[in-house]
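For reference, the structures are reproduced in the following blocks.
Shared between the two complexes below is subunit A, which has subunit B as its partner in the first and subunit C in the second.
And then the complex of A and B:
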């Protein structure tokens, strides 16, 4: 198994809710997570699951309320420029923040200049190399953002993110705004970057089909907590947590012989401001028992490389054991 | 193999046609010449049928919707025929279209916030929709609004009636929009990306709701979407559009089992599937053509792996199966000369 690159321990982020009282929004609650070197870890969840806040904490853009993040064994301090360069973002519209008057080359060059990466004389060659890595030809380097398609703009965003040779890319919904044929190009690019350069990627999305295609492992979040983690193929083949089961059943498949499941999850996603007691999923859970309403289930090992937080799953103490869920 | 275009579903076999679009073209004047946003599009929707209009950005699917709703900008030039429940809508006056919209033709859009007035309660907005189209008392309108809110699954409608839209979650707001669309018992619903902004578990609830209403009321639904998963889940028939034209239309099972237009095939192959394959996902090289100026041949040809000399002429709509038509020379005698 690959070395652990990122270790997240007890990560919690609360936001103060404006208005009277001391109400807090529990965006991320007590998250433990390992990201292995060279893997693509998918983080999936619906609104209010905390997946975006978790990504922002990894990027040093949001300071956690408590808990720690370490990279390669060193505690992550957002103020440390070396560590900060090691984690780079790819957003839904990465290129939106770049100057519309600048050419693609100049924008990517700026990413190098601003962070003082490499000797100034070598930066032009590095820009050429970066554009090549993301599949943008030299002629597109002279284009301005307005002349680029959505897919090309996202490639420029990825080139800028790769500029400081990061150890980790945190990609938050990087293909959600793209048409499916363009989305395919960007997914292929992420797969190639990992394969050819060993870049580790945390890929945050609501889109289960993208996770299933791209991610080696998947972490499922619900109302601020990770409720299941495991190898993508194993989790998709046999989801353990009742929420993961319901989520996968509700996802539309491009297969007209599979229509909507007869039993859909009812109810709404709870607000992270006043999350339900016990297991946050208990009000919607078809198999909840009394204990689920009062006691929060811990994230425990339920099989080889698989963790889930559910009272109705049996934790295993010794490996290997068959997965019996 | 027949190469004659055939009409859509047989009106006598599948109930009456709620909508029959024939040869619809929409063009805009521009400095670079006429922009052909929709070109010679034909399809039909029977009552109690869900027809998916699918394609990527710029394929013309939303322009088709705006044409049916009479909401095209004034400068748009529309040709062809749109018959709604037997009545011709192309050339209908604005007053008539206003009467049909929100009454017999309802619409559901992607963002429920944009179709709800933030200053009125959700109940009042629905009651207002009733009173805009029928002379009924306030009490009757309120009762109808309460009934329809219950029907779309708003818990305890009487207590939510006076809530402004912002008190509701996104999924609940979309239910309110659907309630407003339904309250006058429309013959046809145009749903433009109705679940795109919703979470997966909520999307499934809304799709189930649309299907239940179709089953119980026999409402015809045109579902406009880019999501082939949603299409496969709820549609009876599918119309694939590319660059303003119909590339392929087929019953949903046939479209996914035997996609016959190279664009449909490429679109299906570019969808993420479980696990990565050595070659990666199929991508469609190139970009959608500029729709200004003359476009005599197949509009997909420049990006098509199968193109041949014949593709410089516009392909006819050829029938490859029951209700399955394809606009491609590959199925109309080959791409060679």
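And then the complex of A and C:
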């Protein structure tokens, strides 16, 4: 359960900014992250925090500027078909993630056909099996996406992603476009897939309640960096980083007797083209000290399986466990 | 895809019906034509429309109806051939440029843009002055004018489709670039190209007529709509029918192609907005 499946080290992705000379957008900056086999890791952050770019790097759809990703100890190269099919995407837009001209069967079979997995005659049986796994009948196989509901389309997208038996699913806002009732069904499907098949899932979202419901661990991103990682329960119960505290306080809570929290987060998330010096959060941080403006805090262990990047938190030293995320 | 929207579009139906009748007439021209389009008869010079000569006779006594039928046949072959050839060059070019982007796009599209800035007729005339005259040369010259237009449409359409998530999914599934371009991008990007091709068919008809009128297209005695306009202009006052009917044939055909193009455009737009 706790073997590390994905090891991300020093991952950095910069984009050239058109018409701005040598300026670059630092979408992901020096990210270290371990994803454990069989876990659901939630990645949260505001828009522009780099969570989608991190996901695309994991999928091999965006080439990192520097840093490495390894899967099961092997260095990840998108050109390697075996490693490539080990990581599959589930996207937000269930309409756009299926070719409108392809039947459900053809979309689900795509990975099998593209990589010659299984005998051609057996692939249809596999499609039926996959559709069953995501709670769809085989009779939908001949339908086109326009004939399906949003929830059905997202299920088809998940079935297609599962076809090459991936080790990791990278789900980027997979439920944000769905009705709340359908959201719950899809989230339960992800939970069931992990439980029954041991699929590891990196779940990228801005929706904290989804993370709380689904994820074993959560990584919080801010302007391209991970600023806190830990077990979901622990982080939600006692967030360590001031940004995480503010984020959790700002989330709406289904309790009418609770008073609205004081507004902790003011201003906008800084531009990743010109990230603030030192700790990127210092301009918005209520407890920033001088050191925060000049020196970037490292991601340090602050408790059992918990890491945070803040100067005001003391690293826990001499822990019996090795320092891993 | 659904065809119900297509069959309910009135303009599209009218356009397709007109084209159907015209194409049928062109195909069956040898059977329908009451007279030999090239036979000269001094006994019926400039004779007006009658039952035996529906559209009258021209200055050489040739039957205008038969000539329009045969001329239309050639015009149709030149239009379809030139647009077909332009599609054959423009679609792969635009697909490759739009899907690949980056320097491939730059290298492929710059020469295309250079052709695009030249005035169409001027380009055709200079090509003809190099290659010679005749229907097949006209066809090639028109294809050269058209393929940059189709390549541009294909490119921009392919660019849009390439950004859709299913292309990323397909890449993650292990599909190669060629497979993605031909199986995902091409079918989804082709709609606007088909619309443009239908409209270019009518335009091609006009260019062919213009070139023939100038003596650079189809050569006499083969009948051509443009050539007939040229030949009829001296007797315009005495025998307007030698001028009116070929002119009408051009106008109606262009109209029909535009109706079809517009109808298809609405259909394509509806579907792309839904998707």
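List of remarks:
Just so it is clear, the second predicted complex is superposed on the first by the 307 of 325 C-alpha atoms of A that agree within 3 Å, B and C clash if a C-alpha of one lies under 4 Å from a C-alpha of the other, contacts with A are read in each partner's own complex, and residues count from 1 in each chain.
Keep this in mind: a contact is a pair of C-beta atoms (placed from the backbone, for glycine too) under 8 Å apart; a residue touches a chain by one contact, two chains touch by 3 or more.
These figures come from a predicted structure and were not determined experimentally.
With both complexes brought onto subunit A, simultaneous placement of subunit B and subunit C is permitted, the two fitting side by side without a clash.
By the touch criterion stated above, A:298 is placed in contact with neither subunit B nor subunit C.
Shared-chain residue A:183: touches subunit B; no touch with subunit C. Look at A:147: by the touch rule set out above, it reaches neither subunit B nor subunit C. Once chain A of one complex is fitted onto chain A of the other, the partner contacts of A:289 are absent, as it touches neither subunit B nor subunit C. Using the contact criterion defined above for the overlaid structures, shared-chain residue A:252 touches subunit B, although it does not reach subunit C.
Using the contact criterion defined above for the overlaid structures, shared-chain residue A:59 touches subunit C, although it does not reach subunit B.
When the two structures are aligned on the shared chain, A:89 is found in touch with subunit C, with no touch to subunit B. Of the two partner chains placed by superposition, only subunit B is touched by A:191; subunit C is not. Between subunit B and subunit C, it is B that contacts the larger number of residues in subunit A.
Once both structures are overlaid on their shared chain A, subunit B and subunit C have a minimum Cα-Cα separation of 13 Å. Subunit A has no residue lying at the interface with subunit B in one structure and with subunit C in the other. Within the complex formed with subunit B, the subunit A residues making contact are 46-47, 149, 179-185, 187-188, 191-192, 206-210, 212-214, 233, 236, 246-247, 249-261, 264-266, 268-269.
The touching residues of subunit C, when paired with subunit A in their complex, are 1, 164-166, 168-176, 179, 184, 187-188, 271, 274-275.
Note for the complex: subunit A touches subunit C at residues 56, 59-61, 81, 84-85, 87-89, 91-93, 95-101, 107, 110-111, 114-115, 146, 157, 160-161, 163-164.
Across the complex, subunit B meets subunit A through its residues 56-57, 169-172, 199-205, 207-208, 211, 226-235, 252-253, 255-256, 266-268, 270-276, 280-284, 287.
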